Each structure stands twice: as C-alpha cells, then as structure tokens.
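Order of writing sets the chain letters: A, B and C. Residues in each chain are counted from 1.
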Amino acid sequence: MENLLYIALFSPLVSSLFAALFTATPKKQFIGIIASLLIFTSFVSSSFLLAEILITGTPVHVEMMTWMATGNLYIPFGFVVDQVSVTMMMVVTLVSTIVHIYSIGYMDHDKGFNRFFSWLSAFVFSMMVLVMSDNYAGLFIGWEGVGLCSWGLIGFWFHKEVATWAANEAFIMNRIADLGMLIGIFLVYWNTGTLQYDGAFAAFATLDTATLTWIGIFLFIGAMGKSAQFPLHTWLADAMEGPTPVSALIHAATMVTAGVYLVVRSNELYDLIPNVGLFIASLGAFVALFAASMALVNRDMKRIIAYSTLSQLGYMFAAAGLGAYWVALFHLMAHAFFKALLFLGAGNVMHAMHDELDPFKMGGLKKKMTATAVMMTLASVALAGIFPLAGFFSKDAILESAFVEHHFIIYSVLLFTAGLTAFYSFRLVALIFHGEERYKLFGIDPHEAYKFMLIAMSPLLLLAIIAGSLKMTYYEMVTALLPATEYHIHNHLVYWIMTIGTQLFVILAIVYAYKKYANSKVTVPDGTSAMENSFGYKLLINQYYIPYFYEEYIVKSYRELSKIFWKQVDLKIVDATVDGIAGVLYSTGERTRDMQSGNLSTMLKWMVAGTIGLLSLAVVFGLAVRYSDAILAILSGLGV
Amino acid sequence: MFEAIAFYLFAFLTISMFYITVTTSQALHALTALAAGMIFISAFFFILGADFLGAIQIIVYTGAVMALYAFGMMFFDSTRDVKEKQGNKFIVVGMATVAAVLVVAIFSAPILSDNIVALYPSVGAGNTQEVGMVLFTKYLIPFEVAAVMLLVAMVAGIVLAGKKMDLSLTLMNKEEILEMNEDKNKKVLS
Amino acid sequence: MEIGLNHYLVLSTILFAIGLVGVMRRKNLLLLFFATEILLNAVNIAFAAISHYYGDLTGQMFAFFVIAIAASELAVGLGLLIVWFKRHGTIDLDTMTSMRG
C-alpha cells in the first residue's frame, strides 16, 4: 500500500519535472500524452487506495522522512490516506487526468504547451501534498505550492497585462490569508506542541475555549483566502484570465476547495467551538447568496461560472460550519465533477467562438455543438440540483442539515440561492445554446471541439449524473472519520413538502430563465435598456463596487503609505545609512591616501607603526587572558 | 665575573658599532662598523655556549654577507657622503623603542610565566654535536628547505646582478624584445 | 654579578631599537639593508639567550635559520639593488615613488 501511496503522490511530480525539461523547446505532443499518463497512473493508484480503504477501513499512514527535528519541534514528511484524504485524492486525480487530456486539445495551438503541462502537473503534486499530509506543516507546503502554481497558471499568458494583474491579485490575496493560516498553525504548535493532526486533535480537548477560538479563526482566515470567501473573494473571478482548463481544475474543482478541506480536516477543532462554526456557516450562506446575485447579470461566461463556484463554496462552508462535515465533503466532490464539466464545456464554446466570452454574442450554438450543449445542460441541471443528478443529493443534504439544525435563516438564504443558481445557470445555457444565432453578426464560424476532448469529458458527465446515488455508500465510508450525523427530517410530510417545494422552485427558476433568454428577442445589450440603467443592475454588474472600493480605499492608500515610507524611511533612513557607511569609507580613503605617498621611507615608518599596533594588541590580549579572572572579578564588582 | 665583564664590554661595543652603522653618513664606515658589530655579536653566542652558532655568525656575516656588501658597494660611489633628509627624530626613536620593548615583552612573557617546556634539552655533549643531532632529526626538512632557498637566492643574485640584466623583459614592450632577440640571433649566426 | 636572561633581552631590545631607527631614518637603500641585518641579529641574540637559559636548543635552531634567511634575502636584495642602480643611477629611497597611490 505504501508503494501505491508514493506512486500516487510522486507521479505528478515526475510528470511536472519531465515537462519542465522541455519548457524552452517548441510544442511537443508527446509531453501532453506522457503527463496525462503519469497523472492517470496517480489516479489508478488512488483508486486502489480507495478500494483498500473501502474494504479494510484502515488508513494508510507512512512517514517518508524527517523534515525538521530541532529541540521539541519534530515535523516529518508524513502522509496519510484515510477516508477524507482519499476522497480528495480521487477528486483531484480524476479531474486532473481529464483536464490534462482535455488540455492536449485545448492548448493545441499554444506556444507554451510544454510549460503549461509542467505547471499543471506541479499543481497536481502540490494538491496531493496538501490533501495527503498528516500534519499542518505539510498541508501548508501544499497550500503554498498550489498558490504558486495557481499564480503561474492564471498568469500563463503573461504577455497579457490583465492576466499578470489577475495572477498577482490572486497571489497577494492568498498571502494575506496565508498569514492568518500561518498564525493559526503557530498557535496550534504553541498550544499543543505538535503539528500532527492526531496529536493536535487529541490535545485540543484540554485547551480552553478562547485559545481554540483563536486557532479556529486564524485557520479559517487561511481557508477564506484559498476558497475565495468574502471579503477575499475578488481574485477568483479575475483568475478566469487563465486558460480554461486551469479554471476547471484549479479554480473550480480542487484548489478553491482546499479551504473546505481544511475545515473538514480540522473538524475536531471546529466541533469544540460551535460559535466559530456558526460564523463559518453564516459567512458561507452569505457568500452563496452574494456570489449568486453577481452571477445573475454578469456578461462574461467564465465569470458567471466562477461566481457560481464561489456560491457553491459558500454552500460547502455552510454545511461544514453547521457540523455536517461529510455533507460538505460530499458536495465538494459532486461539485468538482459538474463544475469541471461546466468549465470544460465553456472552454469548448470559447474555442469555437474564438475566445469570445459574452454569451449575448452567441446563441443557438446547440446546432453546431450538440455534444457540448448536452454536457453543459446536464452539468447545469446537476448544479441547479434537479433530481436525480448529483447536485440534488448534495445540495438537498445541505439544506436539510440547515433545517434540522434549526438555522432557518441560513436555510432560507440557501434555498433562495438555489433558485438563483438555477436561474443564472440556465440563463447562461439559454444564451449560449438557444435562441437566435447572434454570433453570425460577428462573423464567427463555430466548430465542435476535438472528439477526444469530448470523450475525455464524458467520465465527468457520468459522475455528475450518478454521483448522487453513491451518497449512502460514501456516508458509510467517510463517517469512519467524520462525525456521523444523519440529517433527517422525521416528519415525512414536512420532508416531502420541502423536497418537492425546492424542486418546484428550482424548476420555476429554470423555466423563467428559458423564457427570458431563449427567445428570438434577445439582443446584445448596448447599455440603453431600462434594466441596465437600474440601480440594482449597476450594483451587481460592478460586483457591489467591492473591487472599486478595494482599489480606491485600500490599494490607493497603501500606495500613498508606500510612497511615504519610500521617501521618508527608505530614502532618508535606510539609504542614508548605507550611503553614510560608504561615505565614511570614501572619506577615510580620501584622507588617508596621503599615507600612500609612494615614498618607501614613509611606508617603512608606517609599517613600524602598524607593527607597534599589532604588538600592543598581542600584549593587551595576552595580559587580558593571563589576568582574566582578576578582570572578571573587577567587572562583576562594578556590576557589569 | 669574567662573564659579566665580557657581557658589558661586548654589549657596549656592539651597541656603539650598530649606532655608528645607522648614523654615519659614510657608507664605508657603516659597512665596517656593521662587520665589527657582527663579530662582536658572535662573542655573545660564545658566552652563551652556542659555539656553533657563533662560528656560523662569523663565517656567514663577516665572510659572506660583508663580502657581498663590499662587492655591492663597488657599484656605487661609496666615498661620497650619503645625504639624507631627516624627519622628526623623536618619532623615529620613540617608535623604535616602543616596538623593541613590545617584542621583548612578548618574547619573555612565556618564559616569565613558565608556560613552556624544554623540548630539546641539552644532553651534555658538545654544543656542535647537540646542534647537529637536533638539526638533522627534528629540523631536517626545514634545513633542506633552507638549503634550497639559499641555492635559489644564489641563482637569483647571479641572474639579477649579471650581465645584460639592465634589460628587464617585463619593462620592455614587444618591439624591444623582438629587437633584442634579433640581436641575439645575429650574434649566434656570426 | 650574575648576568641573567634579562640582561640579554635588554641588550636585544636596544639593538632592535637601533635597527628600527636605522630602518626608519636611512634613505639610502644599501644602508637600509644594513639596518635590517641589525634587526635580525638583535633577535638572534634573544633566541640564543633564551635557548641557553632555558636549556632548549630550539632557540639556536631558529637563530640558525634566521641567519640562512638573512643571507638569501641579502643575495636577492643586493641583486635587485644593483639592477635598480643600473637603471636609475641612484639608490635614494625618496626617488622611489613609482608605487604612489
């Protein structure tokens, strides 16, 4: 089993290093194939590990080597495959295998083909380290590793300024959050003396609530950054500047869920501090609604899906915060499948439309791209949570848990958001695939993606459809590690009313979206309609003016502050000190150059003077050593 | 008693000889005084029982070194007064004294505090024999190296002071060297 | 009146001081060499005296090597001196300022 673990962990690294060898050379098809095969190897190993876990139920735990051992600090490179991490491993390796294969087609004409695979595989490796580590330090390495790869992949087209800007924004926002995370980890070590999960969790029970609350808050700040929760959410939508496979893998399926994984992994901590849990749940519910509202009006296909991701992450946090960790993890898994599918479909559309992102300029694409249309529609159905697709089971479980826990406000917010989700998803589908063929106005001739790309996407489609039926199996497996709380509404009548009501609400939203956007009257908005000039629309399209606020009040004031520091501190203190040292040296040289008269006689005199100096030092030190006891006695008498 | 008389006598003679050496303006006087001082120093070696060293002192300094200086001085006009501009005398003398005192302090410190142990004590044989025994056992390699060094110095002295040595290859430019080589070739051919 | 090690060391000091004075005040290169010989001999006396009073031959060995070094230094130095004199016609230290910084 250990070998399987190592294969699963390190084949992405091998893939990345292999591809990195060719980054300076022109595009080579076989690199994509080899990288995909290596990631597939990782997937197969993970599957074997999953089977092992399902059969025996005992986690695989290895300690590869000692990383740090100083004093009381002992941090090994330890890896654990248990019910939680194996879920993540399966999701990560499966989605990344598909994305790798898909990218062979998607990045076909790109100059950075080899580089892309190197970054992508490096990301998979970092993500595997993140989920497999058995301690917070290893998790943090993976955490930073995925941050770095995310930076490299968002800014993959670095010649586009907006891409590099988005990459830096993502990176900097994550650094802010990572500071919180790091403080959290320090607090864990400070208070428990270990960073191993099992050791730390065992020690948490003995700590007082205040300490635990701080640990929980700081760790959650880290999770907020990585999972783009409010108020650190702006980077996720901007991150869509990266290539679409990256959005599918990193900014939908895996990396952004790392925050949820962290909360789920630390469930024993959050169980002890229900107040923080409630805060997480409330924030999650708020983000779910907040992001969904922005997705309602956005006119950028990828951003709509990104907001949807944000909204679904809010669902996951809501579940995790309420203590329904397995539900959160289940939704994470289901969401990874249909959201990756949605993104890859969007990638197909983008390719077909020559990188046009405005769905208003598309329309009627279902005739040209039937397979993509079917896949995206099904993915949207799954996202909206219609029975019997994956989203129904996971989202329903979240709603139920909110209801059962008597958090009716969270419940109603999430329920309302479910309607919004359905609306914006199908607004997108309707605008892209139905209605008039508006793209003809722009002289674009769309074509379906390569067949192998579509085949590569099919496993995701299958999982998006059937994942829901695995719910009970999954529940049995994962509750070996997570709190086994079943959320059932005991009153059958209430249960049926709720379920059917939710379904009806969602379906109504879908119908409304179709009615509004799938007809022939839809035109490309030109900013003149009454709706576009209403306050609500402006608020939403400008993302509640939050990016504006950040720019105006944080970035600008920070820039001013930096300028002050540059002019007052750096120039006047730091630079002046350095210049001063140089100046002292210069002026000493200038003054003493008279010594260097070139006259041998003078030089001899100086030589004798120098000799005297050195000899005096020798005598002084000799005496000091000889009489050190007496000198120390005198010094201590003086109170030094 | 005789030892004391000898010490003070030779100390006086040595100091005065060396004093003349460093103060006189006649190069010839300085040379003569130095030679005399060297011989007087050998007297201390004899008093101290270092017979071999005393003999070496006379042979090397008076025999070799002084002869070399004498030959060297033939190049220069040794009868002329050496004119030397002098700076501040107090500085010169003061610094010299301080340095000398410090050197002696350092030398004597381990002896005074008895921090050292005699590694090669005299065994009671004659001084020359003892010196030979130590020199060809413990100090064999330094001895050989010193011999090589003397050989090198000899070769260097001959080469530097020999004929044609007013030409320095390092100070000439390429054309001059070529020219010189051509001259050499002509000589060989003729 | 016993002559002890200190007497020799004082003598050595005086000779060393004279040598240093010579080194510092001599402007003629040849006479400067004389002064260095004095320095070396001053130290030699100290070596021999210590060797004698301490009953250890190492001091004499050092004096021996110092003499060897002095001789070779002289051979090379005198050679250079002659070369310099042939070139410049003078061995006055004050004229040697080519190393001026």
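By definition in this document, a contact is a pair of C-beta atoms (placed from the backbone, for glycine too) under 8 Å apart; a residue touches a chain by one contact, two chains touch by 3 or more.
Quick caveat, the model's predicted, so the values are computed rather than measured.
Participant: Among the remaining chains, which ones contact both subunit A and subunit C?
Facilitator: Common neighbours, subunit A/subunit C: B.
Participant: From the C-alpha centres, identify the chain that is farthest from subunit C.
Facilitator: A
Participant: Any idea which two chains share the most contacting C-beta pairs?
Facilitator: Answer by contact count: the chains B-C.
Participant: On a C-alpha centroid basis, what's the spacing between subunit A and subunit B, in Å?
Facilitator: Chain centres of subunit A and subunit B, defined by C-alpha means, are spaced 81 Å apart.
Participant: For subunit B and subunit C, let me know how many angstrom lie between their CA-based centres, rounded off.
Facilitator: 6
Participant: What are the residues of subunit A that contact at least two other chains?
Facilitator: 605, 608
Participant: Which residues does subunit C have that touch at least 2 chains other than itself?
Facilitator: 20, 24, 26-27, 94
Participant: If a residue has to touch 2 or more other chains to count, which residues of subunit B qualify?
Facilitator: 87, 92, 95-96, 99, 103
Participant: Mind listing the subunit B positions that touch subunit C in their complex?
Facilitator: 1, 3-4, 7, 11, 14-15, 18-19, 21-22, 27, 30-31, 34, 37-38, 41, 44-45, 48-50, 52-53, 56-57, 60-61, 64-65, 68-69, 72-73, 75-76, 82, 84-87, 89, 92-93, 95-97, 99-101, 103-104, 107-108, 111, 116, 118-122, 130-131, 134-135, 138-139, 142, 146, 149-150, 152-154, 156-161, 165-166, 168
Participant: Can you tell me which positions in subunit C touch subunit B when the two form their complex?
Facilitator: 1-3, 5-22, 24-28, 30-31, 33-35, 37-38, 41-46, 48-58, 60-61, 63-65, 67-76, 78-83, 85-87, 91, 94
Participant: Spell out the part of subunit B that touches subunit A in their complex, as residue ranges.
Facilitator: Listed in rising order, the residues of subunit B that touch subunit A are 87, 91-92, 95-96, 98-99, 102-103, 105-106, 109, 113.
Participant: Contact residues on subunit A for subunit B in the complex?
Facilitator: Spelled out, the residues of subunit A in touch with subunit B are 605, 608-609, 611-612, 615-616, 618-619, 622, 626.
Participant: Show me the residue ranges of subunit A that touch subunit C in the complex, using the header's touch definition.
Facilitator: Going through subunit A, the ones touching subunit C are 593, 596-601, 604-605, 608.
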